[in-house]
Structures are given as structure tokens and as C-alpha cells.
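To keep things clear, I will list the structure first and then write my remarks on it.
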Amino acid sequence: MILLTRKAEFSSAHYYWNEAWSKEENERVFGRCANKNGHGHNYTLEVTVAGEVDPVSGFVVDLKELKEILQREVVGVYDHRHLNLEVPEFAARTGMIPTTENIAIAIWGRLEGKIPGAKLHRVRVYEMVDLFADYYGEL
Amino acid sequence: MILLTRKAEFSSAHYYWNEAWSKEENERVFGRCANKNGHGHNYTLEVTVAGEVDPVSGFVVDLKELKEILQREVVGVYDHRHLNLEVPEFAARTGMIPTTENIAIAIWGRLEGKIPGAKLHRVRVYEMVDLFADYYGEL
Amino acid sequence: MILLTRKAEFSSAHYYWNEAWSKEENERVFGRCANKNGHGHNYTLEVTVAGEVDPVSGFVVDLKELKEILQREVVGVYDHRHLNLEVPEFAARTGMIPTTENIAIAIWGRLEGKIPGAKLHRVRVYEMVDLFADYYGEL
Amino acid sequence: MILLTRKAEFSSAHYYWNEAWSKEENERVFGRCANKNGHGHNYTLEVTVAGEVDPVSGFVVDLKELKEILQREVVGVYDHRHLNLEVPEFAARTGMIPTTENIAIAIWGRLEGKIPGAKLHRVRVYEMVDLFADYYGEL
Amino acid sequence: MILLTRKAEFSSAHYYWNEAWSKEENERVFGRCANKNGHGHNYTLEVTVAGEVDPVSGFVVDLKELKEILQREVVGVYDHRHLNLEVPEFAARTGMIPTTENIAIAIWGRLEGKIPGAKLHRVRVYEMVDLFADYYGEL
Amino acid sequence: MILLTRKAEFSSAHYYWNEAWSKEENERVFGRCANKNGHGHNYTLEVTVAGEVDPVSGFVVDLKELKEILQREVVGVYDHRHLNLEVPEFAARTGMIPTTENIAIAIWGRLEGKIPGAKLHRVRVYEMVDLFADYYGEL
């Protein structure tokens, strides 16, 4: 078994806000992120898949296909969007705040079961170079 | 004479939109950036100052003071803000769109004349790792 | 369960020297690092914590609190210090040499049990971009 | 137990081609990589070893020795070479195509059992900054 | 006037060889690069253009158009190609060896006069992260 | 004319201290750097040379020779050394404090006139990724 990781990037706006809390409580917990005008990031996504190397092609997964899946399922939906206002998992008033952790979990949900011939192993999301979350699915 | 460069970062939301144009014209010129919900970036700022090295301290400029000036004049104003809505030079309905070029020019205007003992030489702004603008003031 | 990683940096001096060995033996084993005048590095620290995402805040751990803990327990103690002379775990004549491996183990000891609501999962220390150590605690 | 990782780099040419397939089939599967003139990359190799820290030296493994092993077993063989034409595991007409996955597996085979006092834990190969493979040996 | 820089990447094979020299002379001058099987690199290209900011769009140059020009004139010609065998300026038996310096000059020739509304200012080519050439045209 | 830049690295200890000042004055001006036990950095050096491309070799300068000069004149002298105690230009009680600015000037002095066939154009020294100095010689 081998792991293959592909990176992608998306640039999005977001903010942190819990509608059940007062402005003061939001600012106490979320600090500068509790600005409903939004701010933004260049997110870096690393998607790792696990599988056997095909002895004929030498690939775990078709790289062009993997790139298209990441584009269709994630980058095309998140890039140049406001996560709180336009991306369904965060905009649907479910209270799911677009933290780095929740973005990783949401992207896992978008990709799981959609990569032919390999198993989704890990989703890593960098909000900045000094902060990232890793999700391995429900163990 | 020597040049000293200090980097800083800020995370902001923005969008590109010319109020004098139709939605179609905005989308034709600005593509995915013409989304008024906004998107965002981790901007990297490089500020270069020029001066003589002080023979006693070995410094062109006091580094702590330079860091404080960048924080007060730029990072404190731009970071975790929506440039089009909250930062005066772009929010003031002057029609100045927060492109990488205009952000570099605006930061030059914020810093020029405020760095004791050294001359502002260059402002570089990265919107992403593969796109940046350099401004040297009016020559 | 999800993993969250935060980076921090510290700049320190160190050298490698075993007091029980001759100068020749120290130079044979430690090469250029066996210079008691010391040399130094920009260390990069990655601290990974594991936990459940709080459904209300969307956080595994309070990021401001995590940053303060890293500052208080590690960066404030190691940064701009000579590890062999000023940092207790290496200066205490216990013979613990400040190699990348031992720095990772020492930082684990400084952080374990101090991060509210999450479990310390991994400490990674880069001495240079091409050399790093990972410690997961005693398994 | 602790993990220590050392990076190395090599610059090589390669192409993807399955002799059992037609030109059309090769181009359909391998795209731009199916150009028998070859193209090339700056590969980055990360080799991770696992072991106990020697309480006297503070090392898991002798760093100079590890560097020499990587140089002798991998970099000296792969660097400034055409993988398909000059590196035995890919040139031997065994049909092993030098994909990132197969390069990681081949390097594992070159290093396993050759690192005194530590266990080879992982081989990571970056073909580009946005694509890498991890191999942990046969589990 | 402001400068705008856009990065692009291409992965190519090349070798250094002067047909007028003996094998020994080629190896003496070019070292490991004098291997006619070729080796390769992930090249990074930075193209800087100079111009006035359009007060309406906020752009020096249309970014989509610039990207298309770089793709058509450079990346589409160099990427996944063997420079000595397939790229006209090096393959034409003119004796122009694809060193980093010559690649920068050749790319200048490909781009000069083709960027509407702005002046080509600098072409920077990285062969590796620790080696790059800058060309500003004939001054 | 073309510019060629080569990077090198060295890891050194240093501190900032003016013997003519009190401890309080040193700490006021130099902050955490005024610790005579020393601290350290991974310095990155970029040396840029200017010249004409040799039409036969395609080189501005012989890369192996340039690397040897950087090793002999700078890296071999600065790496794994304490700048204040062991490197002549800072240790000679001349009062030259090893700031990033002064290190750049000192390296210029070490390299000027020693690079056959090309002109030293710029010395850039990074103390950390967010701080660097550029020296172009006396203009």
C-alpha cells in the first residue's frame, strides 16, 4: 500500500460567528475573526489517498482524474467564494462555523467515496502556513 | 547605503467591482473576482527601507520601531478586515479597486515619511505566492 | 477526532559536547557542532493536538490559548537563548545534549498535560529545513 | 521511540511509457508525460528513520552517516540521470515506470536494512511541491 | 509606474554539451550536466511587467491575458519537453546551450512586445531554489 | 548583461552588544538580542553576479567555481561559528556588531574582486524569512 498526496489551493472569505451568542461573547471567543464583514485566506488543501500501485501504469490513482475531482468537488465550490454565505455546508444555517477543523471535515465529506480505485486517507487544510488541521474520517 | 526589508502578513477579504459597469462587464473584466460576497487572501507585505548603517548600533533602522510602524499603519488596519468595506482608501467610494497594484500604492502612501532615519524604498505585496506587485513611489 | 497543528519559531544557540569525552572524541562524533563557542539555528516547532471538534465553536482547542501556552512554555524559554547555558533541561549538567531529537522530547515534557480539552499528539522540531524530529510521547 | 527525517534532492529526467501499449493508449493514460524525449524534475526525498535516542550522543542515528548513505544509495545513482535509461530499477525493461509512487518504493528497497541502529520508517518523494508519495514498506 | 510579477512553472529535461568539444572537455566544464541522456528540473519562471495602473480597472495588465500569454509563449512550449531536442532555440543546432542564463534570455525573446499595455521589465528563471538568473533585456 | 544568483546557508551564533554602553542601554536598544550567552540563526545568503553570457559555455560564471568561492570565503568561515567570538570582522573589537546589515557588508568585502569574469552585484542576507538586508557596494 502506498499513499499519494495532491495539493490544491482556494482563496475564500469567511468569519466566525455563533448566532446564539451576543456580540461580546462572539468577540471574546473568536477575537478578530468575529467581524461579519469577513476576512479571507489562501487555503492550501492536501488530499491523501491510499491504495495499491497498479503494476501496469505505476499509479495508485489517475492523477488527471484526481485533479478533476478536487476541482469539481472542492476548488470549484470554495474558491473565490464567501464560505459563510455561499458554500452550502456553512451557509445552511446549521451552525457549522468555517474553522480550519470544520473545513477539513466538510472536504472529507465531499470527497469520500468519489475517488475511483483508492481510499481517501487524510484531508489536510492549511488556513495559513502556521496553522493546519488533519482529518482521517471517523475511525 | 544599504537596504533592509521586513515582511508582515495580513488576511483580508476583497472583491473587484466597478460601480460604473454592468454585472456582465464586471464579470468579463474581473472574472471570479467580481463576486460581491467577497473572497480573501493571506497577503504578504515586504517593506524595504534604504539608509546608512549607524556605526554604533549596526542598524539602518530600529527593527522594533519598524515592526510597530508596520503594525500600526498597515497590519492593524488591513488584517481581518474586508478591504472594500472597512479600509478607508478602498471603502471611500473613490473607485479605487483593491487590486494587488493598488494595495501596494496605498501602503506606500500609509508608510511614506513615517520611518525615522531611513527612506522608504519599495513596497511589495503578494496576493498569492505566484502574484505580486512592487511600488517604488513616484519617480 | 481531528488533529490541529500550530507552528512557532525560536532562534537559539547550542553546541554538542559530551563532558565525559576528549576533545578528539567530541569532534569525531559531533563534527562542526562540537564548537563550544556555540552556533545557532532558527528552529521551527510544530505542535499537534488531537481532540473532538466542539460543535458550538468549531474548535478543537482555543487557538489564542494554544498560542499563549506555546509562548509561555517554549518560545519564551528557548528563544534568543543559548540552550546549553540557559535552558534548564540542557543546562542542568544532566548530560542531555540539545540535539533535534532531545529538543523534541524536552518540548513534549513541557507541553504534556497543559493543553485544556485536547491531547498532545505530536511535537515536531525542525533544526533546518532539511532535518527534523517527531516525538509522539512514550507509546 | 522518536522519528528523525532528513531531506535530500536529486534532479532527473523521466517519461511514462508502457511498451505493451500503442502511442495513442500511452498518451491517453499518461498525457504530457508520454513524451519519449523525456522531461524532468527537481525531486525532494524525505527519509524518516525510527529508533531510540542514544542517551550519550542524543542521536537516533549518526547524521553524517545517514547523509552518506542517502548520497551513496540514492542521490549518487539518481541525480543528473535519466531514470528510464540509466537507473537500473527502471531501465531494466521490467516495466516499472518511474512514477512518484514507484520511485518511493524503489528508494525504500535501496535503503531498507542499510541504516545502522535505526529502522527505516517512511520514504516520501515529492515530484513537485504539489504532488508526493509516501511508502512505509510492506505492512 | 508599478511592477507586476506573475510566476509560472515548467518541468523540462536538458543537458549541457558543446559539440565542438571532446567528451573530456565537456565533462570538465559541465560536470554532471554533461550527460547526453539528460536530466531535468522543475523550473520556476517569474515575469515582471512595468506600466501605469489603469485608474478604472486597477490593473497594470489584464491578469488572465498575461497568464494566457505565458502559457502560449513559454509553458506550452517548454513544459514536459526536452529543451535540447524539442525547443527550437536550443534544438536548432545554433550552439545555444540551455543554461539558466540562456533560458532567461530565450524567454525574454519570446515575450518581448507581446504584452499589451505594459513593458516587459524582467525575466527571472529558477533552475533550483538555490540558483536563478535575471534578464532585463539589452540595456 | 545578465545577473546570476546563487544561494548558500550558514548557521551561526551571535549577540548584539555595544561595550561602550551600560547593560540597560544595550537591552533598551537591542532587546532580546542583548544576551551575551548568544542565540543563533540559519542565515541564507544570496550572492548575485553580473556579466555577459559566454557564447560558448552559456555561463556568466563557472558555477562550480562560484560555489567553491562562497564556501571558502564565507560559509567555511561563518558556518557553525559564533560570529562575535570567532569571525574576524566582528571579533576584532572594532565595534562592528553582527547585525544583518553588517553581515551583508562584511560578506561583500570578502567576495569583491574574487569572482573571475563577473562583477559582484548584490549580497543579500536573510537572518530569518521575514528579515533581510541587501548591499550593492559603495555606489
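Read from first to last, the chains carry the letters A, B, C, D, E and F; within each, the first residue is number 1.
Keep this in mind: a residue touches a chain if its C-beta (ideal position, glycine included) is under 8 Å from a C-beta of that chain, and two chains touch if they have at least 3 such contacts.
These numbers were taken from a predicted model, which means no experiment stands behind them.
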- Task: Hop across touching chains from subunit C and tell me the fewest hops that reach subunit E.
- Result: 2
- From subunit B, count the fewest steps through touching chains until subunit C is reached. 2
- Overlay subunit E and subunit F by their C-alpha atoms and let me know the rotation angle in degrees, rounded to the nearest 5. 120
- Message: Between subunit B and subunit F, what distance separates the C-alpha centroids? Give it in angstrom.
- Response: 29
- Task: Could you put a whole-Å number on the gap between the CA centroids of subunit D and subunit F?
- Result: 35
- Shared-contact residues (touching 2 or more other chains) in subunit F: 129
- Chain pairs that touch, all of them, please. A-B, A-C, A-D, B-E, B-F, C-D, C-F, D-E, E-F
- Task: Provide the residue numbers of subunit D that touch subunit A in the complex, in ascending order.
- Result: 16, 18, 20, 29-31, 95-102, 104-105, 129-136, 139
- Provide the residue numbers of subunit A that touch subunit B in the complex, in ascending order. 9, 11-14, 32-33, 35, 37-42, 79-82, 85-86, 128-129
- Task: Enumerate the contact residues on subunit E facing subunit B in the complex.
- Result: 1-8, 48, 53, 55-60, 62-64
